[in-house]
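Each of the next two complexes has chain A plus one more chain, namely chain B in the first and chain C in the second.
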Partner chain A sequence: MQSRSILVPVLLFVAAVMFLRAPFMIDAAPYESTMGLIQRIFYFHVPSAMVMFLSALVCGVASAVYLAKRSPRADAVAVSAAELVVVFGLIVLVTGPIWARKAWGIWWQWDARLTSALVLWLIFVSYLLLRRFAGAGSEMLAAAVGVFGMANVPFVYWSVNVWRTIHPNTNVVASLIPEMRVPFYWCTAAFLLLYAALLLTRLRLEGSRMQLEAAYAELED
Partner chain B sequence: MKKCGLCFLLLMACLAAPMLALQPPATQPPTSANEFVPLSEAAPREVLPATPLVFYAYGFVWVTLLGYVFTIWRRMAQVERDLADMQRRLKDGGSAR
Partner chain C sequence: MGFLNTVWTIARKDLVIEARSRELAYTTLFFSVSVVLVFSFSFVVEGVALTDAAAGILWVSIAFAGTLALGRTFERERQSDTLKALLLSPVERPAIYIGKLVGVLLLMLVVEAVVTPVVGLLFQAPLDRAPLLLVGLLVTGTLGFAGVGTLFAAMLIRAQSRDVLLPVLLYPITVPLVIAGVRGTAAIFAAEPNLAVAQAWLSMLVFFDAVFLTLALWVFGPVMGE
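Coming up: the complex of A and B.
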C-alpha cells in the first residue's frame, strides 16, 4: 500500500519533467514540408489518441472480467478507464479539428477516421451516463457497452488504411525521421506515465467510494 | 408493330447505358491561359496564421488535463470527508449500544 502511495507522485513527477522538456524538443524538430508549424499539434494529438485507445482496451478487458467473474475491482478499473477514454478522447477530438482547419481548410469532415473516432468517444460517454443515471444494476449493462467500445478500437485504428480518408494513415508514425521521432516518442512516454498516474488515482477514488458504500450498508444494518 | 419497335429501342437504350457508363471520360485538354495574373493582383486567399491555432490546441490539452485532475481531487476530498463522517457515526452508534 505504501509503495502504491509513492508510485503516483513518482509517476506524476516524471511525467511533469518530461512535459516540461517536451516543448523544447518539439521546437527543435524540423517543420513538415506542406503543413509547417501547425503540424506541431501532432506531438500531443497522436499520443492522446494512443492513450485513448489504450484506455478503451483497459476498460473493455476489465468489463469482460467483470461480466465473467462479477469482480468489483474489475468494475472499478473499467469505470476509471472509461472516464479517461472520455478525457483523452476529448483532447483528440478538439486538437484534431484545430489542426485540420489549417491543414485541410475545414474543421471537420465526416470521413471514416473522424466519424469512427467520434463514435468511439460517444460509446464511452454513454458508458459514463449509464453508470451515472441508470441506477442500481447498471454495472452489467455498462460492462457490455465497455466491451462493445473496446471492439471498436481496431476499426478506428485501421479505418485510415481501409477506407478513403483525408486523415493521414498509420504509416506516418513509422516513417518519421529521427528528428521528429524522438520528440514524438518522448511525448508518448509522458502521456503514458500521466495516464498510469491518473488511472491509479481514479482507482483510489473508486476504492474510497466502495468503502463508503460498505460503511453505509453497515450503518443501515 | 409500333409498340414492338418502341420496346426494342428501350431495350437497346437500357443495354447501351451501362456500356456508355463504362467508357472512360473524354479527357479535356487543359485550356490555355489567356493572360498571366501577377500574384499581387490575384484574389486574396484566406491566410490563417498557425501560431494561435497551435497555442489554442496546446492550451486546450493543459486546461482539460488540469481540469480533470482538479475534479478528481475535489471528488476524492468529498468522499474522504463522507467516509470520516460515516466512521465517526458508526463509532458513536457502536459506543451507544
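Coming up: the complex of A and C.
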C-alpha cells in the first residue's frame, strides 16, 4: 500500500510536467507542409488512440483472467481499464473530427480506423452500461463482454479495412522527420504515464469500495 | 445421454413450444416485414431504391428480428423459471448453449426464408443470380449473430433492464458479421455482380463464426454459474 501511495503522485507529477512541456515542444516542431497548424493535433490524437487500444487490451485480458479464476483483483483491473477506454476514446473521437474538418473538409468519414475506433468505444460504453444497470452479478456478464470486446478489435478493424480506408496509416509515425518524432514520443510517454496513474488511482478506489462492501456485509452478519 | 442427444432434446423442446404457440414466428416475421417497410421510406427515392439498399435492409431487418426473437426465447425461460431447471439438470453447459442456439437459429432461418423473398420482390433484388452463395451468406451470418446473441441473452436473463441491454451489447460486437453479410449480399445484388467478392466475404463469415462460437462456448460455462 505504502509504495503505491507514493507511486501515483510521482507518476502524476511527472506526467503533469511532461504535459506542461509538451506544447512548447510541439510549437518548436516544424510545420507540416500541406496541413499546417492543424497537423499538430496529431501529437495528442495518436497517443490517446494508442492508450485507448492498450486499455482495451488490459480490460480484455483482465476479463479473461476473471472468467477463469474469479479473482476480484482481475475484475477491478477490468472495470478500471474499461472506464479509461471510454475516457481516452472520447479524446480520440473529439480530436479526430477537428483534424478531419480541416484536412478532409468533413467532420466524419466512414473510414476503417474511424469506424473501428467508434465500434470499440461503443463496446466499452456498453460494458459500462451493463455494469451500471444490470444489477447484482453484472461482474461476470461484463467479463464476457470484455473478452468479446478485445477479441473483436482485430475483426472490426479487418472487416472495415476491406470495406474502406482513407485515414493516414500507421507508417506515418515511422516517416516522421526527427523534429516531429521527438515531440510525438514525448507526448506518447506523457499519455502512458497519465494512463498508468489514472489506472492505479482507479484501482485503489475499486479496492476501497470492495473493502467497504465487505465491511458492510460483515456488519450485517 | 450423448452430447448430440442432449442438444437435440433442448432444441426440440423450444421448437415444440414454438410450433404449438407460433408466437415468436408470427411476431418476429411481421416485425421484420415492418422494418423493411420503414426502411423503404428512407431508401427509395422517386420509386427507385438506392444502390445496395436491398442488402442493407435485408440484414438490418434480420438483426432487429433476431434480437427480438432472442429476447423473447429467454423471456419464456425466465417466466416459468425453467432456465434454472435446465442449468440444474445433469448435462454439460456447452450442450445447453448449443441446444438453445439451434432453436434460435432455426427460428431465424424460417423468418429469413420469408423476408428475403419479400425484399427481393420489393427491391427487385436478383435472388436467383447466385442462390447457393446467398443462402451461404445468410446461414453463416445468422449463425454468428445467433451464437453471440444466445450467449448474451442467456447471461442477461437475471439482469435488470435486459430488454435494452441486449441490443446495446449485441450490435457493436456483431459489427464484423453485419459488414461481411451486407457487403457479400450487396456484391451479389449489384448491377455488376462480383461473385468472387461475395465468396471472400463468405469465407470471412465462416472464420468469424468459428472464433465467436469458440469464445461463446468457453464463456458460457463461467457466466451461467458452474
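Everything that follows uses one rule, which is that the second predicted complex is superposed on the first by the 208 of 221 C-alpha atoms of A that agree within 3 Å, B and C clash if a C-alpha of one lies under 4 Å from a C-alpha of the other, contacts with A are read in each partner's own complex, and residues count from 1 in each chain.
As a working rule, a contact is a pair of C-beta atoms (placed from the backbone, for glycine too) under 8 Å apart; a residue touches a chain by one contact, two chains touch by 3 or more.
Since we're looking at a predicted model, the values are computed, not measured.
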One more residue to check, A:Val147. First (chain B), second (chain C), both or neither? second
What is the contact status of A:Ile123 with respect to chain B (first) and chain C (second): first, second, both, or neither? second
Looking at A:Ser71 after the superposition, I want to know if it touches chain B, chain C, both of them or none. Which is it: first, second, both, neither? neither
Contact-wise, after the overlay, does A:Phe133 reach chain B, chain C, both or neither (first, second, both, neither)? second
Could you tell me if A:Gln109 is touching chain B, chain C, both of them or neither one (first, second, both, neither)? neither
Once the shared chain is lined up, is A:Val156 touching chain B (first), chain C (second), both, or neither of them? second
Check the residue A:Gln211 against both partner chains and state whether it touches chain B (first), chain C (second), both, or neither. first
Could you tell me which stretches of chain A are touched by chain B in one complex and by chain C in the other? none
Within the complex, chain A is touched by chain C residues 148, 151-152, 155-156, 158-162, 165, 168-169, 172-173, 175-176, 179-180, 183, 204, 208, 211-212, 215, 218-219, 222-223, 225
Which of the residues in chain A come into contact with chain B in the complex? 36-38, 40-41, 44-45, 48, 87, 90-91, 94-95, 98-99, 101-102, 105, 194, 198, 201-202, 204-205, 208-209, 211-212, 215-216, 218-219
Chain A touches which residues of chain B in the complex? 46, 48, 50-51, 53-54, 56-58, 60-61, 64-65, 68-69, 72, 75-76, 79-80, 82-83, 86-87, 89-90, 93
Chain C contact footprint on chain A (complex, rising order): 67-68, 70, 119, 122-123, 126, 129-130, 133-135, 137-138, 140-141, 143-145, 147-149, 151-152, 155-156, 158-160, 162-163
